[in-house]
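A, B, C and D are the chain letters, set down in written order, and residue numbers restart from 1 in every chain.
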Amino acid sequence: MIKIGILGAAGYTGGELIRLLVNHPEAEIVFANSESNAGNLVADVHEGLLGDTDLRFTDAMPFDEVDVVFFCFGHGKSEQFLQEHTIPAHVKIIDLAQDFRIAAPTHDYVYGLPEIHKAQIQQCQHLANPGCFATCIQLGLLPLAKAGLITHDVAVNAITGSTGAGQKPVGTTHFSWRTDNMSVYKVFTHQHLHEIRQSLTELQGSLDASIDFIPYRGDFARGIFCTEVVKFDGAEGTPTNPTAELLADMYRTFYADAAFTHYVDKALDLKQVVNTNKALVHIDKFGNKAVITCIIDNLLKGAVGQAVQNMNLMFGIDEKAGLGLKANAF
Amino acid sequence: MIKIGILGAAGYTGGELIRLLVNHPEAEIVFANSESNAGNLVADVHEGLLGDTDLRFTDAMPFDEVDVVFFCFGHGKSEQFLQEHTIPAHVKIIDLAQDFRIAAPTHDYVYGLPEIHKAQIQQCQHLANPGCFATCIQLGLLPLAKAGLITHDVAVNAITGSTGAGQKPVGTTHFSWRTDNMSVYKVFTHQHLHEIRQSLTELQGSLDASIDFIPYRGDFARGIFCTEVVKFDGAEGTPTNPTAELLADMYRTFYADAAFTHYVDKALDLKQVVNTNKALVHIDKFGNKAVITCIIDNLLKGAVGQAVQNMNLMFGIDEKAGLGLKANAF
Amino acid sequence: MIKIGILGAAGYTGGELIRLLVNHPEAEIVFANSESNAGNLVADVHEGLLGDTDLRFTDAMPFDEVDVVFFCFGHGKSEQFLQEHTIPAHVKIIDLAQDFRIAAPTHDYVYGLPEIHKAQIQQCQHLANPGCFATCIQLGLLPLAKAGLITHDVAVNAITGSTGAGQKPVGTTHFSWRTDNMSVYKVFTHQHLHEIRQSLTELQGSLDASIDFIPYRGDFARGIFCTEVVKFDGAEGTPTNPTAELLADMYRTFYADAAFTHYVDKALDLKQVVNTNKALVHIDKFGNKAVITCIIDNLLKGAVGQAVQNMNLMFGIDEKAGLGLKANAF
Amino acid sequence: MIKIGILGAAGYTGGELIRLLVNHPEAEIVFANSESNAGNLVADVHEGLLGDTDLRFTDAMPFDEVDVVFFCFGHGKSEQFLQEHTIPAHVKIIDLAQDFRIAAPTHDYVYGLPEIHKAQIQQCQHLANPGCFATCIQLGLLPLAKAGLITHDVAVNAITGSTGAGQKPVGTTHFSWRTDNMSVYKVFTHQHLHEIRQSLTELQGSLDASIDFIPYRGDFARGIFCTEVVKFDGAEGTPTNPTAELLADMYRTFYADAAFTHYVDKALDLKQVVNTNKALVHIDKFGNKAVITCIIDNLLKGAVGQAVQNMNLMFGIDEKAGLGLKANAF
């Protein structure tokens, strides 16, 4: 059994992580840390756990009793935490925040996108789990980047569920405002663009095109639905402008070994992945443009599902362990 | 033109009141008071007013320039405000809070339910506007009370939209929690029971039965859907146990002069009244029990729509002025 | 491995059953029958299965290759099917329709509510799976029936998700109509009252009180949220009118061995059980009345989750096998 | 009073038209034609009209008693209807379908977008009312077209409410499927592209760029939320690449006389226009790209609201008559 500690366990990602781990066949939660909730039953704070666990939050952090620690902090707090605390060297760290997603000489965190970094993940001690939008947008573009085909600006629209905005009630997550509503935010400036660009450049060193990303607030709780328009050069059927069939093959090949990412031949709808760790990708081709659709559950493949997938890889167990989730479907 | 001042103009009921008044043919908003928003455009705070008004919030309260003041405060603040401020005697007051809904020797506020108090409303200077649940629940029961037929405990279930919970974001109005969810609160103890009981007793002095009211939080923004089960005595068709037809007639007669409350012969659904000032009532009869359905929009007939209806009555203009609202329908 | 055949596999319950069984550690789907979809990929019809299974629908029914057949027909078709087809005697049948829920000398189907029939289920060859509303309403009342405490008419309100209305698009499941809407149907006459009454009478032979059930159509897809008001006689604390504490104990004891049904000390909300096989029950006490809240997922504990639980019992494996489901939570 | 006949009165647009006209100060509905509903109360078919009108559907079409006829047919039926029936020459026609939106020598229908065709509309006898997506997308681009600034392909995403899909229940409007879901359809091939292109070319004869339009199905009932990305050439501040301030001025000027279309300086959200006839436009500028947001209510400014606006213009009355609608807001 992998012995697990969770920091920031009372937030949304903390809760979803616990919901996953209580059913994981090879995981054992040793501590779920939350100062403000110390002593309270986890099941009283996190929906869906009543009857499943007697676990209580603790303000203790017994790092020497665990194999791995998940950081479920808000962004920026992971780095600060590590400056103020020492985690034993043998304890692996999986950070769900963005603090270490961009490679730098000052840290050794591996960017945990299994579709491109499986080998590094299997070897790493410290892992930076990708962002939700970043995961979805990258999975739609990576095969093209590998083929060097992103040569024009990409128009990206991605609609996220309200859980992406976290647990604290604010104006834009007030039910009365958000239900039946649509809006955009951080247009062209979303912070995930950095990690997206980092991955794309890894595969297509020459990448110069802009990723024009418009994030939408959706009036649903879970999921990201993303479309991406890519323009090709030259006549259709030439290497720089593949046919629809060749594009589909390219994606199928790229994701042939992916445990949870699949190319699908028909149009997608978001609920096909809600409450699963899957990413599904579909492409339509119109003349010299491709329209890529990619969908994930923002809390699972976009956060803790991928984190558990990474944990499985880091500990050498079945990549799918604990992630055989029944889709919500409705 | 009726000259109007609004206190607490930045809250939900304040906003809905302004949305009504900008289209009211005989109303003019003189001031919309909000300390925290003083100087800001009303249209920047309240959805749906962009392009409709250049009005700005003010921290002034020029009472001598108005004919009527609406109190859109939270509960308990109206009484406090009146202790600290003097409103000229000729200025009428319409209080949307619950502070003066219960008759008392210490105040002269008329309980503003036009279906039973039209004459008093037309004469009054100070009006206490009924609560949202209270309006809906009463309108379903008043004809029976008038006939002295509430002799057994009444089982009341009423589901409210999230706007009933006000503007401040809290856990139970967080979109991620509330969407697709159902819950109950203040079971059997909701504060509106006092005003409901007051009205019922007015019509049926002997009223002894309990009103067993379960309030539900609905996963929609607007409206109250209410069912009420009433038990009768004696054989069906006798005076104490009217037939379905007689009950329908009783309700039609009771609401014959009501401007916005109608008895309907078929099953109801909530969206028939959303974004209108209407209340619709329907009854099914099963043996010695009647099941009454009553629906309103909690912000309109349940709050500011009824307040404007009362204003119209208080100023002797058409009761329906400014309230010919297009139902949202979808 | 339990070898499984599914009839009516293209409907809602058929789809949910397949979503459960693809992750069940001891189940193998041998055939998923659907005439109209024969040859089509199951994953192309049922949301959430893309990438999980290559199973195709078939118009064949190779009963001799299976250990158990699930009937996922509409109501009334199970009986008809059995008149027209022969299923080998050694093959167990789990019928999700209502055809055999009422005990009769003409059939040997056991009513599959594990909370009261576990021993019979473990021995049976043919099982009638309870209805969704019926499961939720019974689980809220059974402990009281066992104590002989249902002596007054019970006011029951239960709000169901749209999946309860099945797959065929009709007016009341049209999104434009149903979203943000509320309505009631089959007031006091819902067909599940028969099986509810049958179970209650089993525990409280003297049962004379009426179950006054108002079914609501909710504007969400999954789940049933139910409240039940029960009136007691005598002074609180006497055997006929237990205190809140005694009632809670009574429920905890009654469900002590239940795998998925739990008494909870705090107020419930529907999403605590959505996408799980759990039923949660809570009681509030006010004077001589108790208000019981009970929640389930209508497609799981209210349909195929309970069917799989029953299958597990019928085959002597872990009652929870394949049902360790991650709650949707949001 | 303008005397009005409605054909196809039992559909969604027919219902919304009636909801508008019952409150229109200068309109009188003479007949509401529906063969299948002949004799039925309009209020029994269309939500939100109970208590507002005693109008019944008729299978008669007394054209000589009316001043104007609204065609609320499905697409393609208007032309067919006119081949089979004769409407007196003095009766004006407002067609809500797409049959006559594209100018042709074979008909004299004016394309009814008041923002560019007010004079023609005021003079015309026959009017083709614009499509919902077409209205929203055009209003976001017209000022740029007038300035000749659409020189690169435009990335358009527009999310529509379910009422855009009409009244007939189908799979993609089934509540269980659509709620909490997202999907796209008719990618790059939506039929409204023809009328959009026609209007843009009218203002920018040289238009060569592609309008890359991805229509999304939203999980709400009303409204269209649209973003459009336009690329400019040259240095910012030069005539071919205006600054944000200049763009805003350009839009304000273009819509200075528009009754319902307004440029707004801050980010928009859909509910600002739901249940109104308004269109709101906002622009963000990033380097050489502008991101335009435009929002409308698809049934009002996108259909019958605009049709009534056109009727007002055609009959020389106040353009805003009957369209002072209270925004739903929540």
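One rule holds for everything that comes next: a residue touches a chain if its C-beta (ideal position, glycine included) is under 8 Å from a C-beta of that chain, and two chains touch if they have at least 3 such contacts.
All values derive from a computational prediction rather than experimental measurement.
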A-C or A-B, whichever has more C-beta pairs in contact: A-C
Option reproducing the contacts of A-D, where over half of them reappear, out of C-D, B-C or B-D: B-C
Maximum centroid distance from subunit C, chain identifier (CA atoms): D
Subunit A-subunit B separation of Cα centroids, rounded to whole Å: 46
Centroid spacing, where centroids are CA-atom means, of subunit B and subunit C in whole angstrom: 39
Interchain centroid distance [CA atoms averaged], subunit A/subunit C, Å: 35
Where subunit D touches two or more other chains, by residue: 47, 161-163, 176-177, 179-180, 219-222, 269, 271, 274, 330
Subunit A - residues contacting subunit C, complex: 15-16, 19-20, 23, 44, 46-51, 161-163, 179-180, 221-222, 260, 262, 264, 266, 269, 271-276, 278, 280, 299, 324-330
Subunit A to subunit D touching residues, read off their complex: 153, 155, 157, 159, 176-177, 179-185, 187-189, 212, 214, 216, 218-223, 225, 227, 229, 231, 267-271, 274, 284, 286, 289, 291, 293, 295, 330
For the subunit D and subunit C complex, residues of the former touching the latter: 12, 47, 161-163, 165, 167, 169-171, 173-180, 219-221
